[in-house]
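So, here come the structures, one by one.
Common to both upcoming complexes is chain A, partnered first by chain B, then by chain C.
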Partner chain A sequence: MASVRFAQVQKAYDDVQVIQGIDLDIQDGEFLVLVGPSGCGKSTCMRMVAGLETVTAGDILIDERRINDVPPKDRGIGMVFQSYALYPHMTVFDNIAFGLTIRKMSKSVIEQRVQEVAETLGLEELLARKPAQLSGGQRQRVAMGRAIARQPDVFLFDEPLSNLDSALRVRMRAELAALHREHKTTTIYVTHDQVEAMTLADRICVLHQGALQQVGTPDQLFSTPANKFVAQFIGSPSMNVLGPVTIEHTDQGKVARHQDMTFPLPDGRELDGVVEIGFRPNDVAVADDEHPACFVGTVTAIERMGWETYTHLDTPAGTVIVRIEGERGAQVKLGEALPCYVWAGRLHLFDAQGAAR
Partner chain B sequence: MRAALVAACLLFSLAAQADNVVLWHAYRGDEQAALEKVIEQFLAHEAREGRSASVEALALPNEIMASKVTTALTQNDGPDVFIFAHERIGGWVQYDLLATQNVALEGVADLSGLDENAMKAGQVEGRQYGLPLATKCVALYVRTDLVQTPPTTTQELEQLSAGLKQKGVLGLAVQTDLFYYAAPFFFGFGGTLLDETGRVDFRQPAFSGFVQYLQSLQQKGYIPDEPNGAMVARLFDEGGAAMVMSGPWFMSDIDDDVPYVVAPLPEVSITGRPMRPFVTVELVYVGKPSQDNVTAQRFAAYLAGPDGARVRKEMGKQIVPVQSLWTGDDDPRLRAFAAQAERGVVTDPRPEMRDVWEPADVGLKKGVRQGATPAQAAEAAHRRYVSTTKPPPPPRDPGLFIILLIAAAGLLLLVVARGVLRAKTDGTLTGSLRAWLWVAPAMGGTLALVIVPFLFALGLSFFSHRAGDYQFVGFGNFIEILSARSYAVLEPLSFYYALLVTIVWTAANLLLHVGIGLFLAVLLHPKTRKWRGVYRTLLIIPWAVPNYITALIWKSMFHKQLGAINGILTALGFDAVSWFSSFPTAFFANLCANAWLGFPFMMIVALGALQSIPQDLYEAADLDGASKWQQFWRITLPLLRPAMLPAVILGTVWTFNQFNIVYLVSGGEPDNATDILISEAWRWGFARREQYGYAAAYGALIFLLLLAWSAFSSRLTADKGAR
Partner chain C sequence: MSWRQQLSSVGVHAVLMFASAIALYPVLWVLKMALSTGQRFDPTYVPWPSEPSGEHFAQLLSFGPENTFYTQLFNSLVVSSATTVIGVLLACSAAYAFSRFTFVFKNAGLSIFLLTQILPGVVMLIPLYVLLGKLHLLNTLTGLVMLYSTTAIPFSTYMLKGYFDTVPKDLDEAALLDGASRLTIFFRIALPLARPAIAVTALFSFMTAWNEFVLAATLLSDEGKFTLPVALQRYVGEFRTDWGSFAAGAIIVSIPVMALFYALQKHLVGGLTAGSVKG
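Right after this comes the complex of A and B.
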């Protein structure tokens, strides 16, 4: 059990700065997900923790001990690789036991430890097999088993589920969550899949171009994104952002206007410098007598998901995606002009730099 | 009308046949020029006589001449006329490959002036099969700036040598480890070779006597250790040796500014007998298929006759056996050779003579190189002689074998027929006809180049071959080989000894190939390594160079006096090592050469395999706490296995049959101790009077061994594949 701290951590390859000075505290027992698009530096961050990459500047501390120069094996870390990195010539047993044999543990201890791990992960029947004889999910479990067996203080997962099919991914996600609930080991988990991030994380850390964008609980990130990048990255489908908007005072109060689209703004918000507005597809409804239309869009594509329908609308601001629930959604037709209403309270406002207001 | 037409055709064809003569020879330089001149004169002569003729001369390397002639004439495809030493005449007559020569041809040449002894060298059982062109024998070259009067006795020779030694000059440079060059001493000690039955007794006193004498000269420092042809020439040219025993061919090796004379060999003081060299008579032969080729007969006579001899003597500096041509005006050096030839021993032309050289060389080397006593040397020669001339296994009735063969062939036919029939009925035959067509050229090639020779050799192993005569001996050759009756089980020439050497050879080589290859691959693998491509290219060079060139380079590097390796050793203050005199050092020399040749292949395979090991396995191992060394042993090595195993299996077969290195580097020395199975098989087939059947049986055994190995190893790889 340990806490992990990044203090102004930077990483550069030759002249290319890939990590721009990150500060991050990960609590003991916390499940932190590093998320961001490809190339954002999330894997590099994790590999620096593991000791597979050097730290160019700044410090990484585990339990307040600076580990920049500690060899990987002495950092108390268990890591699960994206490719699993199982030793193909060893049996499952030997794979799990490898780190223990290297540490010259006694045979009986190793045996017992591997058995425990195998039970936890349901690998008892597979111990004599070689990786090539396992399915993707089984390999995934073995890779986890190998990390667990050494009883590390910190778990590192590098996109562990990206090689699995979607059904298996859902199941493994649940298992991972259960495992963490049980062991309460500090975990850093890298993924580009924001669903994984949302479902697993205690806290999520969003990275973009080597810089930290926002750290917070999934809820915080979803409902109060710090900037436009986080707003659009978290949540599926993505938040609709449009602009530039002009703020006008009308009889009904303040509104944001973009061409002939008009969005009533909530009271009490700082509106200076707001140039763009955003709203999630969920925060839109089909206009009715009670809720006058903010804009009208022509339906260009329909994704029917059962109870809900994601409808792509062509509007003066480009494509806007709205979620329509229930029967009204089922009735949507291509080419239909759909008047839409956006809940004022759910509007997100961004300034010229993309920061939320 | 018709009769006339036929006659005309016949005449035409006869004339056409008579017109052209194909001549094979091994002459170079002056001799070749002289030969061309003689041809020119002959054609002019024939034209004057109103005969049309042409002669097509083809120069072949001397080393391959005999075997090429034998093969070609056997297949009726040989030269009409060829020139070669008389030593093979007995065998060729036995094989019935030579035409008898008409010595009484009108108007071509008068052969009566040819030396009678030389003429005799061309006779077998009273018939003239070859006409003498020149004699060649060893005489004494003397540097006149170092020795004023050539010695006439060995005592004088020794006195001279003692004086020269003070000046740091060797008295006599002679290739003492070759019986041909050392034989004058042997005959000077009263030695005799073949008796009437064609046998030699190497335990005669003369053999141990002359070995002992050579040893004493060596110990006194009058003759060099481990001399070879190039070294003898260099010593003489540079004034490092005052005298050389060699033949006329040595003249062209001598620099122009060296003052020298040629003198007769001295008398052996201990016995009072003259030293007598082997005399080789160069003969011109007409091949049996050209028996009726009149132009061939006439050309041979013209070449040997006075007109031809004059040109060859003047232009080609040949020692022609026509006494009337030698006058006081001639080059005294050539005259000296002519005189020496008259005192020499004409090499016995009987085929049995060819059994003498190997045992004699073995005995000599044992004495002058490996420090055995003269008696041990003689015994070694005797044992080798007995081994290599042992009678073939008794003939057997091939009846049972023929039945078995027919049964096997029938069975094979049946299987093939059934397959074809089945394919025909289910339509796959017509369907795959095009496919068969595509593979037909490759199949034809394989059939002609692999399967037929293989079956032929396999068949051959059931026969014994002596002098063109094939006898069916059943499993006789195999029994002979496997029972190893003629020698101790762990003595050179025994199959089991050669097998053991081969196995040790193969294992040691592969260990080095894989070890060095792997080491270099690991060094070169990291992508960050600077100059990686350059190193890799440089390291592949040993593999890219033809292996016989590498072999010859290594051989010269291991030479006792001239080699780079001893050069380094002596520079470091060690004694020079006589690398090819003892088994461990000779084996080591072979091993060095072959390790050098073999590691690049393993390096390339290992490099490829290393690149296929994912980097994250090492990262995982880093986290698991494995050191670099542990990572190498527990991850790299096991993961290289699948790729390396086939390479190792392949390398095993290559090394097992690595003829070139063994043959060219150590040449089996000492005493065939470093010979591996394949080089041993070669010796039986081609160096010991064409015991083809015996050699083929060796080949079959090698095949069986490798078959067993590949069956075993394919199981090894199959196991790995199943994981």
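Right after this comes the complex of A and C.
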């Protein structure tokens, strides 16, 4: 096991800067998930740790040892590729044993190690098969087995579940979590699926255009996003953000206004420079006598998910998505004018640069 | 099946049978010549002999100090096999480098390879003759192997590069992390996966060398060094042509290539279309 540190790491291809000086500390035994939209540089970061990409500037350290110029095989890394990258002409046994054979381990050790890995991952029956004879989930397990067998200090996962169907993805996610609980190996996991990120991570690191946006626990990122990008990227459906708003003082206290939409603001918040406000779909309720409407929207689309209903409302600020629970949700009709109330304490405030206030 | 479909099926089969007959008829005539007695074969349209005889085959394959056929067969085998081995070995490593590495003049190198394919071999005959003469390699099998290999390598490299391009780079990277060196990756990952393409290029190299006539006829002067195509040509004389032996020889010469073709046909189709679609 080992810690991993990025110190002002930059990566450029010719004149294009894809990683803009990242500082990041990954603790020993931590499960860190790198998330971000396509092309944000998350895979590049991981590949630099693996040694598959060079570092343009800055340092990457594993256990405080600078590894920029260390060959991939000597970095103590086990990597699971998105495509699995299993050797098609070798059996499952040989795939898992390949790294050990290359390191000239004795036959008995290799056999024992492969057997242990196969037991952990439920691959005992498949050892004589070739990758083409395996299902997607089984291939995924073999790819993990190959990484585990070498007992690396750091695991790297590059969108490992993206090729699986949703049911299998849920199962493999649970298995991955169990595996990490058992081995406690430092893990860097790249994904664009935020459910994976939220459920697996000890901490999540959000990247956008090669720059680090926020690092924190899933809860921190969800409830106190550092900026508008993180606020909208984390959470599904994403946060409603609207503006520009004006801050006004009324008899009921401070409110933010956007056209004829009025949002009561919580006390004790710094309001200077606030130009936009945001709220999550589940921080909205249908207005009633106790909770006067902040805005009224016309229902344009309804997504019924069983107990909850995601309702798309056409408002003066554009489309706003609202989650309505239970029977009230079931009663929503297209074209209905729905008065909505937003919990003041759950409002997120952003300045002109998109930073949270 | 409707009558329209039946009619179309009959039509298609009729055309195919006609085309097959056109393709096979000359071959049957060669067989007829080879199996006729002496130099007589009846000049009818019937493509099989009236009195079949194996005398030409027996004469060609007879053992004796006079018969150079076995020496020439051996020459052909040596030249073709050596060309195949050298050509495929060099083409494999070149193709892998072109597919995987970035280096100076990479694209220029590929273009120059293509350029050598544009010029017909006959154009280069005189310079090659002079070159081999200076190297004291005229009338030697080594010289011939060198020429054949250099002709085969560009095509084989292109073919194999196309195939290596379809092998995901992830496999190389996974092996790199597993601790493999570039050489190990080449031998243990890339080459085994490229087997179908290697089979095709090997067959191509072997066939080209086995069938080549112009260079061999120009560069070889000693009968003991002849390859089979040159030897066969000697049956066609200015005043007299030994059609029977010529035909029998032609059949014997084509057997190894046919056998190879048959053995590798599955790879051949797979290899030729390799890289054409993303799969």
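Simple rule for what comes next: the second predicted complex is superposed on the first by the 357 of 357 C-alpha atoms of A that agree within 3 Å, B and C clash if a C-alpha of one lies under 4 Å from a C-alpha of the other, contacts with A are read in each partner's own complex, and residues count from 1 in each chain.
We adopt the following convention: a residue touches a chain if its C-beta (ideal position, glycine included) is under 8 Å from a C-beta of that chain, and two chains touch if they have at least 3 such contacts.
Treat the numbers as computed from the prediction; the structure is a model and nothing was measured.
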Would you check which partner chain A:Met305 touches, where first means chain B only, second means chain C only, and both and neither mean what they say?
-> neither
Determine, under the contact definition given at the top, whether A:Pro72 touches first (chain B), second (chain C), both, or neither.
-> both
Pick one for A:Ala167: touches chain B only (first), chain C only (second), both, or neither.
-> neither
Which partner does A:Val16 contact after superposing on A: first (chain B), second (chain C), both, neither?
-> neither
So the chain A residues that chain B and chain C both touch are 50-52, 72-73, 77-79, 81, 83, 85, 87-89, 98-99, 102-103, 146, 150
Chain A - residues contacting chain C, complex | 50-52, 72-73, 77-79, 81-83, 85-89, 98-99, 102-103, 146, 150
Where on chain C is chain A touching in the complex?
-> 168, 170-171, 173-180, 184, 189, 192-193
So in the complex, which bits of chain B are touching chain A?
-> 614, 616-617, 619-626, 630, 634-635, 638-639, 641, 723
Please name which positions on chain A make contact with chain B in the complex.
-> 50-52, 71-74, 77-79, 81, 83, 85, 87-89, 98-99, 102-103, 130, 132, 146, 150
